[in-house]
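Each structure below appears as structure tokens.
Note that chain A is present in both complexes that follow, paired respectively with chain B and with chain C.
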Partner chain A sequence: MTREEIRSEIIAICSREFEMENPDPEDDLREKFGFDSIDGIELLIQIEKMLQTELTQEEKKQSLNIRTINQVCDYIETIMKAREG
Partner chain B sequence: MPRKTTRTAVDLLITLLLWAYYFAAFVFFFFPAYGAAALFASDREHAFQNLNCIFYRCFFAYLKLLMPGVTISIAPEVYAVRSSIVIANHLSFLDPILLLSLFRQHKTIVRSDFFKVPIFGWVLKSAGYLSPSLAQDSDAPDLMEQVKAMRAYLASGGNLFIFPEGTRSRTGAIGPFEKGAFTIAKLCRAPVSVLRIENTHRVYPPDSFFFKTGETVEIRISLAGSIEPAPKNETICISDMMRQARALLEGTGTHKP
Partner chain C sequence: MCLPITRAHTQVRPYNLDKKEKPNKRVDTIMPRRVVITACSAITPIGRTKSELMHSLTCGISGVKPLREDELLTSYLHSKVFGTIDYPIEYDFPRQFRKTMGPVAYYACQVAKEVLEASGLSQEFITSGRLGVAFGSTHGSPTVQRNIYKTFFDKSSTRYAAIGAVDYLRSMVHTTAVNITRMFGITGRVISSSTACTTSSQSIGYGYESIKFGMQDAMICGAADEYSTTTVAVFDNLLACSTGFNDSPSRTPRPFDEDRDGLVVGEGAGAVLLEEYECAKKRGATILGEVIGFACNNNGGDLILPNLAGITQTIQLGLQDAAVNAGDVDFVSAHATGTKMGDIIEAQAIYDVYGNRPLVTGFKGYMGHTMATCGVIETIITLHLMAEGCIAPTLNLETVDERCAMINHVMQLREQKMSIASIQNFAFGGVNTNIILKKPE
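Now for the complex of A and B:
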């Protein structure tokens, strides 16, 4: 998956699952859309489905600091690289 | 002695007797039972939930003994709630323990730092209660794994109860909702049962250390209604669910018990 494909997929998930209207990749999801820890769980479940892999404890812990869609994309790219390596 | 001072002294005495129940009943009666459940129960979570339910049923029996003016009326359909995300308005610290005493198979969300309290944290964790934090470096359980397992737990008849306001109302009005309960309902495609709690704040007011012991109070819990999950191929709108739940709690929604 390219960076652009990942971003499109995450924006689609945000619109479909979290009822966000036109989210900007740099929007703070917590501040602008009230994204909470349970939403975080749902997003991680969607990422697991997308990558067809289970996240490790360490990877779940790394997700705690994510605030924006661009950071979600960075996070997914890091996981993909780790899986390839 | 002036009447007000006497009232305060009685309130203090009964409050101390009720808090003493927590310590004495736990140490002398329940701790051995929890220990046995930890060692021998085939389903440890269920056994701990059941013990918590009994512990708080005894607490409310004791409370009614010490405060004869208090009655507790639970609508029969409340006891019949199963396999649901149960939400309720929040008036007093008594609300969560009252709900614990109603359902033998239950889970709830508990503040992460409670899991760090010795023994108490172990009981919470053993009962399978959820922590709202994703942090894995704490003593809290893995929220993601618990949410994934929630659908099977609900299918087995268990309830997950949550106070969507997140805090006690000081005015009786329903405050803004946090959406976590509804997100879990959506993920699990589970019904949301909406309970209305009345008058617990008149027995144990928010921001007070003392129980108010002198009044005649009827604590009531009723089923305001239920929100059924959308069919599998339909999108679930969380904001719609939140609006429906608020309308049911405020008495302006359709009653569908």
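Now for the complex of A and C:
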């Protein structure tokens, strides 16, 4: 997946699953959309489905400080690289 | 003529504990406070609003329909009828609240919302800690639980798609109570009974005691139960479900009728707002009724069979708590599920305590047994009838079983003022409750 495809898919998930209207990749999801830790766990499940892979506990912990869609994309690219390696 | 009823012979012998010295008890002097009902809301198979409920009650309309297909259990069930909510409900809960709700919590939050809206309570009071919640369900959300198990046993799925982060919050047994506290920012005490058919009557009873003894100034009390074929299967396996009216659902259940053949499971929700009398009066709240007594006990043995001694004692304890005599009670809302044995024992218990003076109706004839919710729905219906000065008959009671004939059954709609009413409920587990209501002055 390209960076643009990842971002497009994450924006689609944010709209579909978390009912965000027109999220900007640099929006602080917590501040603007009330995205909380429970939502974060739900998003990880969506990412697992999207990548068809199971995240490890360590990988999940690395996601805890993510605040923006661009950071979600960075995180996914890191996971993908680790899987390729 | 009535047949003698003896205490169930299967009564188990209690486990024998060595008697030990009793600890000292602290004795506080408590001045009990009066508790009134100032708002109510219901979602039932026979309607939601007071006018809808009164229409169904006065026109003899049943909410029992063919059991909906669940693609899992329905084909194995012998009972094909269900007390059904088949009208749309428009929920306007923002996603941040919806995300922790299963169907049962939707029901619960909707009736809680309507109760708070009707109450006129200020946001400051609602979040002050002086308002608590007593709310339960039979077993949380079976729909969500079923989806979890489906994922476990579905060999095609992989682990990463298994359980959602909030599946537990949606399905847990106290999901109704805490979704209500979350949605409205309520910070008072939480009581979440889960005692099957006495769940909501316990909610009302324990809410009443919380206010009466000064722990809270107001309580939202009730229960909800969603569509669940698991519950139908439980009673179906015990041969306790109605099976003879699958082609004519509105003719069952038939409380106290000689042709009754078992209970009908249903779904629903109900909530009442209880308030300390002086607070309610001071703020000019509409008082729908007063809770003047409550009792709850256990049969102390068998977990399924109805027990004459236990039920009789609950009725008497309720009267004692209310400080009224049996002769003061005008109306009894019977638990009356339509089972062969339960109705006979209940009729006998009513007769033993009250004789044949009070009028008796079993409201489950209209909607089946809404399980956790029945106590609060029957309380709300009784409040409406109290206000309207009439009493609805037991639907489907055409020929009274002679073993239930010793009490004063309501066979047709009648104009009748009532001042004091009893709502009695009995549950699996041997739990019995009795709520005593009084018409506002």
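Here are some notes:
Everything that follows uses one rule, which is that the second predicted complex is superposed on the first by the 85 of 85 C-alpha atoms of A that agree within 3 Å, B and C clash if a C-alpha of one lies under 4 Å from a C-alpha of the other, contacts with A are read in each partner's own complex, and residues count from 1 in each chain.
As a working rule, a residue touches a chain if its C-beta (ideal position, glycine included) is under 8 Å from a C-beta of that chain, and two chains touch if they have at least 3 such contacts.
This one's a predicted model, so the numbers in the text were calculated from it and none came from an experiment.
By the touch criterion defined above, A:Lys49 reaches chain C but does not reach chain B. Of the two partner chains placed by superposition, only chain B is touched by A:Ser63; chain C is not.
Put chain B and chain C next to each other and count what each touches on chain A; the higher total goes to B. Of the two partner chains placed by superposition, chain B and chain C are both touched by A:Asp39. Legend: residue contacts after superposition of the two complexes on their common chain; A:Arg16 is shown touching chain B, with no touch to chain C.
Residues 19, 34, 36, 38-39, 41-42, 45, 55 of chain A contact both chain B in one complex and chain C in the other.
The part of chain B that touches chain A in the complex is made up of residues 132-137, 142-144, 147-148, 178-180, 183-184, 187, 235, 237-239. Of all the residues in chain C, the ones that touch chain A in their complex are 95-96, 99-100, 158-161, 164-166, 169.
Remark: chain A residues 16, 19, 34, 36-42, 44-45, 55, 57, 60-61, 63-64 touch chain B in the complex. Contact residues on chain A toward chain C in their complex (touch as defined above): 18-19, 34, 36, 38-39, 41-42, 45, 48-49, 53-55.
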